[in-house]
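Just below sit the structures, each encoded as structure tokens.
The following pair of complexes shares a single chain, chain A, combined with chain B in the former and chain C in the latter.
Up next, the complex of A and B:
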């Protein structure tokens, strides 16, 4: 390989951007099909009601109407969506598509298909629903109250299973009894809307002749969607194709097949035609699954010397009306990752799922780890205050050192590599700056927090041990085409994270060729290797990239062997010389021998395709390598974030005035993309720290239904002083040394901001256990502590 | 249904098509005229993804009826480039990594290209455009590069 083709580590702009800035995206709502019809959903306006009537007579009589499927027709045409990750004791193991009882406002009850989008929406409005209201169960407190109505009929209460992770109870009790200080707090992490700028969308086309169902969807996981569609519609896997083209943001909200999407596909099959559905923003706010939604009581026990003795938490997870395919998964991960990057004698957590009459919750970037970081880092912060120690000092004292890795936590996670202290010290140093003069009613504070991040979520043994019925491994197919160009097929998909560019970089580096010879093809279940989890859980680059490192090495070896055969020499005598801008057929892209014999890259590929040059008749012909990668264990990224905030004692408003992040994701394939992932994650985390909360009223009806009621961070909300740095500790378990980074930016901002507010106003530190830190919430804490703008001046 | 035949000059070309009275300009561009570069993120004028120029002024095309654009001039993201050569706003966003999924990008490009020529403070230009991917860092850098380039002319 020549140094011309060092692609890993180069900040190459993502290759799909040129297309997107010209308006040539292919998002679900942009796609068309011959004779396409349009769907609108009929949804429950009430959070909890028996559906005693679904009268679509008016719609059916309208000439614009092609089809109506109500609960009865849906029951005949669909089976429930199976779940894959359940809590022990969870009462239900599937999510129904056809229902006779609505369990959340916005739940789809039926579907109307018509010749225009407007007609479909208008006709859906004419469907007369007869609803017998049932008592809403909007909050965890309501759900767990004595005599609460069970959301799942026939169950005794609203708990939806329970699991315990970590040290046995007697070890936790022993650690607590040795403690000099035990700090315990009650925490609330609200539900959130993912709010991708592109709402959900499906174009389903059924060909009655061939029996093929082709579904284009804004999906993070087309293979999982296909499996679920097969189960729901009773179709054979070889008759269902799911394609994700451009996805306009997802963040965990597009990982599962939803009932409304299944209805669109059922309608396409029923009609034998193409049906498109584009979710409205209001639907996205009410019917798309939400993130987070936990309450926890957590404690940290510390010895007199400041040594961490035990982390322990009781976590209640608001699963909503149904446990979805992965249901309690995020809350389970909170329990699994509570210990974080610290040493402790014991760590344990109990996770209890709870049903409410709200839209189900599920994956959201940070997947339980943001919640764990908030509990843990706030507890550490409170403990430092109690002990009278600087919080950074207490953290450094208890952080695992590089020489202690690999380290297995009390919940069984094995950290492979990293220098947690280095990241923390660096973030603290970056944030250490003179404070500007503030108005007398403004208090300023800084805090540094830290976390590890599960990445490469895959190992088969691990998923099996947790009872997760998804495959974790990732496959790639790497092909040198007959003209010497290269195509990569992978099961992971592109959701804006730039994976098509980073995979091209890995392939080009492994083959020693220019980047523009490589095309990356993703997202089509007909051509992509199988992938259940695909683009989620910070795994795409580590797993597909790890597989690709191996595939590229094998294919490079085969090309060299073929070239040696054509040059009539030994493979070890063959060198390549490929100019950075050469085409595959160019005289500047050749294999050569020391004595000057040469053959063009393209010629080797072309002859290879004819089957020439093989040493033995049994040698493979096609210049293609297929590699499946199942890593031996997880690989852990880590990071430390520092926030500086200014708190207005009069209004209670918190402004983030500076933010410094240090991340370690091992070997970075593309620093530009890595930076963007962290920066975007931080912005989402800041929104979650300060403004975002999906709310309902006392009747259980959603009150955040538009972008005016649910405030996303806008440009002015992101601090000018935002610094992101990377350290690099290569993964010891992933070929190439890569670690994931899709979620890292999101995990720490709520903890960093809350701890910084605590530093600014220690008088209210103990109250900072609920998010978001809105002005009314902070103002109430300030007033309770006797602090006012005027009072502070005096 | 109330339908009117309307003609607008879109990206320099006269385009005539039927538009139901209630149809928004955004939907008309995307369906009748097949210009799907204009994206609809909310339909309520809150996100800015659908911004186009109407007679040279930026508007949320989800808040304008197609019939209101009859006889007027419309510029969409497909029309800001100079042939194959991307506009400065497009180049700046690519080079400064000001997009990830690219869904919010079209409205931003139209707005930035307009503001670079006609002036506008950073907050005025960017605050009306929501992006859920980038955290705005690359977008702000792109705007500053673009504004500096325009100042340099």
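Up next, the complex of A and C:
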């Protein structure tokens, strides 16, 4: 009996769930080391202030204190963190660890290390800061006001560089002049907190004997962290090892080395010992980088026939106090992806970075594409209303058809494959249902929106072209061990998304073996192939998986050749017979010939390690294949989302009553994991549509400091009618045909919900350009439109 | 973060608990269900020298339904209020308001006395206590006193309770002649924090309001009783129409100096009130 070891496409339960549910997870706060000490940060209480004094005398005298590093000591021990993706004209190219001027409330100024976490926190409080307050610059309007104080000293204003993408201005102007209708709106996309379940955390251990610094961190990108640590601490690459332990959610907030994490590592080196820091929830709300934070004026020009002539946007990105390593990246992607899945005569965007005295912004799931989708889909929606056309009809007229692909946008992105219209029509059909009768004060509406998604963010040439000083390729090392078991090492890491399961599926299918023979080892810079971007940008499965397809094919061929040598036959005559439940050590898991000769899989592996059976003495011995995969271009996933909402005219509360998503991520390795990723992304996107906003007060101090002020969606807020379907257009550029889906679910919900609210209450449609759509905001718009709160109550 | 180091004492008699609260020279905080206090401790917003854990003190839990009043021990959990058949028959609004608090895990620990003493401006049970005319019994080594609920909270998270006092019992009269309901809007679905709410007490006759009690949450530092709104309702048909009632409620609440939200919470309270009236008008008509 032969068993077909097909694993790709099977809804295998994610492997890590069992371990985590049983409490065997190892998150940063679970880790221990001999003689471990604990760190607490001294942070600026003010958003903008000169630090004229840092007096830690009391702390240093305390017997519980191991070390205090203030701005002076940190300046001697650290170099700034280099940036990798800059805007033309950006005034700074590094993020300092040691500072004499605080530029945001919560900025780390120093670190205290003590023998217990409580002692560290107690002693950090005793540090006397002398701060000379400087005027805060909390908003984009403040930053760009005439005479605003520059956040970066010595610069003339608060702009942090500018870039233009897409059609030349004269082409945009020409398209605008041909237009029958130009719809222009001003948009505000607020800053968001990532609020991962697990806050940040670091255990840094320095061995003074070997000089080795071992850092366990809740990080999405351990190699990038190592690279930055080497630069900051002046250490050789082979003296720093970074290990990503279990990561309890990240969403883009754990892709960079932060100054406070660098301080913990500097303290470990200074002490020659192990130091652990666990970020508190309050710190996560003030000191962890935030996402989004854009204002834009965007316009869509259409012809009388409803044909899109031009998309155009001026985007202001609130970078905060510093342009971080990737700084303006998300806003640049907003500009790059504004055109979306539509055909247009012209498309362009100008992106301007702006400094404020707020915590820096950076990557957030959807990376600029959620912002672009919101601008674009709201503009299309408003345009349809202006033209008196059904919005779905207007979209279908302008969506790129499969026969137009590959298609290169005006901003230079080449879409490889997809059927955008099919997804939109399907989502519209799913959402088309009778609406239940409602109270007189409730209005319902439905809308369908669509987007393409950059996935497999990689081609190294593309990164080079954009001036991004990271590599984009991904590597895997696939090993068959001497006992026949199989280990995958990859540079991408697990952040809860299930990558250790999907990579195992790809390896097992490629080798033709049971799934449980394969283990996947990730996250340790000592053993994992180099990876700068690792688990971000919807790239892990596509790129590591693409590499693994090739590695598995090569290793399967080598095993077959070794077996053929033993069986004294030609490799193409060798077959395998491995039962679905066989163990790798099983004598029944065999290579065999048609005439009955056989050798066990494990025996082939074992002989392989002895070096026996090679065709030529120069053939490789170790049963390992290392493959680096640098795809020729991006691959684009796409999807359409439909939302049905009920708007309470009295309270302004919007409830999502139904949600339908149709995604195309090419070949799905694991539909169960795909469903979880998309459902989670939708839930996160619904929070961003309706409740989430990181705010500051008039003095520039953060006002969302806990989950009390920052409202995340909970399970009852996610509609029971949440339907996710897939179409499948294989990628033409990734082996295996995979496309990414880590971010797709998050990209469309704000646009879908806002357009559905517009459909429910067209009287306020034109105002729905700012997120989140909180009840007070909707209520104010209703009031302005003359819809009184008591109107429908009799 | 971790709390500032504190002593923990778990007395097993009321007298020992009162002595712990009264210990001179150190600040003591009573710990009931801990659903508000523990986060305040770990975020270092509260830094007592000693935490007096009341969970082992006998005689502080239980619901006694009498002919004229209902006495509820301060350490009775919200989950108990929610699921108590006799209480549901005597004062159904208490259980329903309790059920509106957070989610079951929290209600299993949170207590009635804790909720009143924490005195969050938008909290459900302090408003219901005001609407029902409850009295909070405070004990200390100095003696016992009883404070009407509408004079118990003095501001956001502040009450008349002296540091050496603890709430032992809340007494609800059954003789108001009003029937109460509670309605609220939360920051999200059913599990969020309350934004605003209203406890409405009505005595009706022939579909008309004979007496009304209106207490709103979230519109000021403490639950606000709105006598002006009550007076406007009196004599009106329950089912309405109630022209001008919403605006009047917003104005009356604003006179107490509400939150800086452009009157949004008061408007929500008013909307909830109008809907409650429509509901009850319909019920009365059936």
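Just so we're on the same page, the second predicted complex is superposed on the first by the 784 of 794 C-alpha atoms of A that agree within 3 Å, B and C clash if a C-alpha of one lies under 4 Å from a C-alpha of the other, contacts with A are read in each partner's own complex, and residues count from 1 in each chain.
By our rule, contacts are C-beta pairs under 8 Å (C-beta built on N, C-alpha and C of every residue); 3 or more make two chains touch, one makes a residue touch a chain.
What you see is a predicted model, and the numbers here were worked out from it, not measured in a lab.
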Per-residue contact with chain A, leading partner among chain C and chain B: B
Partner chain in contact with A:251 - chain B first, chain C second, else both or neither: first
Touched partner set for A:491, first chain B, second chain C, both or neither: neither
Touching partner for A:706 - first (chain B), second (chain C), both, neither: both
Touched partner set for A:653, first chain B, second chain C, both or neither: second
Contacts of A:676 with chain B and chain C, given as first, second, both or neither: first
Partner chain in contact with A:775 - chain B first, chain C second, else both or neither: second
Chain B versus chain C as contact partner of A:329, first or second or both or neither: neither
Which of chain B and chain C A:716 touches, first, second, both or neither: both
First, second, both or neither for A:27, with chain B first and chain C second: first
On chain A, positions contacted by chain B and by chain C: 117-118, 280, 706, 708, 712-714, 716
Complex contacts: residues of chain A adjacent to chain B: 13-14, 16-18, 20-25, 27, 29-30, 117-118, 195-199, 246-249, 251, 280-281, 495-498, 672-673, 675-676, 679-684, 706-708, 712-716, 718, 722, 745
Chain C residues within the chain A interface of the complex: 1-5, 39, 43-44, 185, 187-193, 195, 240-242, 245-246, 261-262, 264, 267-268, 270-272, 274-275, 278
Touching residues (chain side chain B, partner chain A) in the complex: 20, 22-23, 27, 30, 35-44, 46-47, 49, 76-78, 81, 86, 90, 93-95, 97, 99-106, 109, 122-123, 126-127, 129-140
Residue numbers on chain A that touch chain C, as the complex places them: 117-118, 121-122, 280, 282-283, 441, 650-653, 655, 690-691, 706, 708, 711-714, 716-717, 775-776, 779-780, 788-790, 793-794
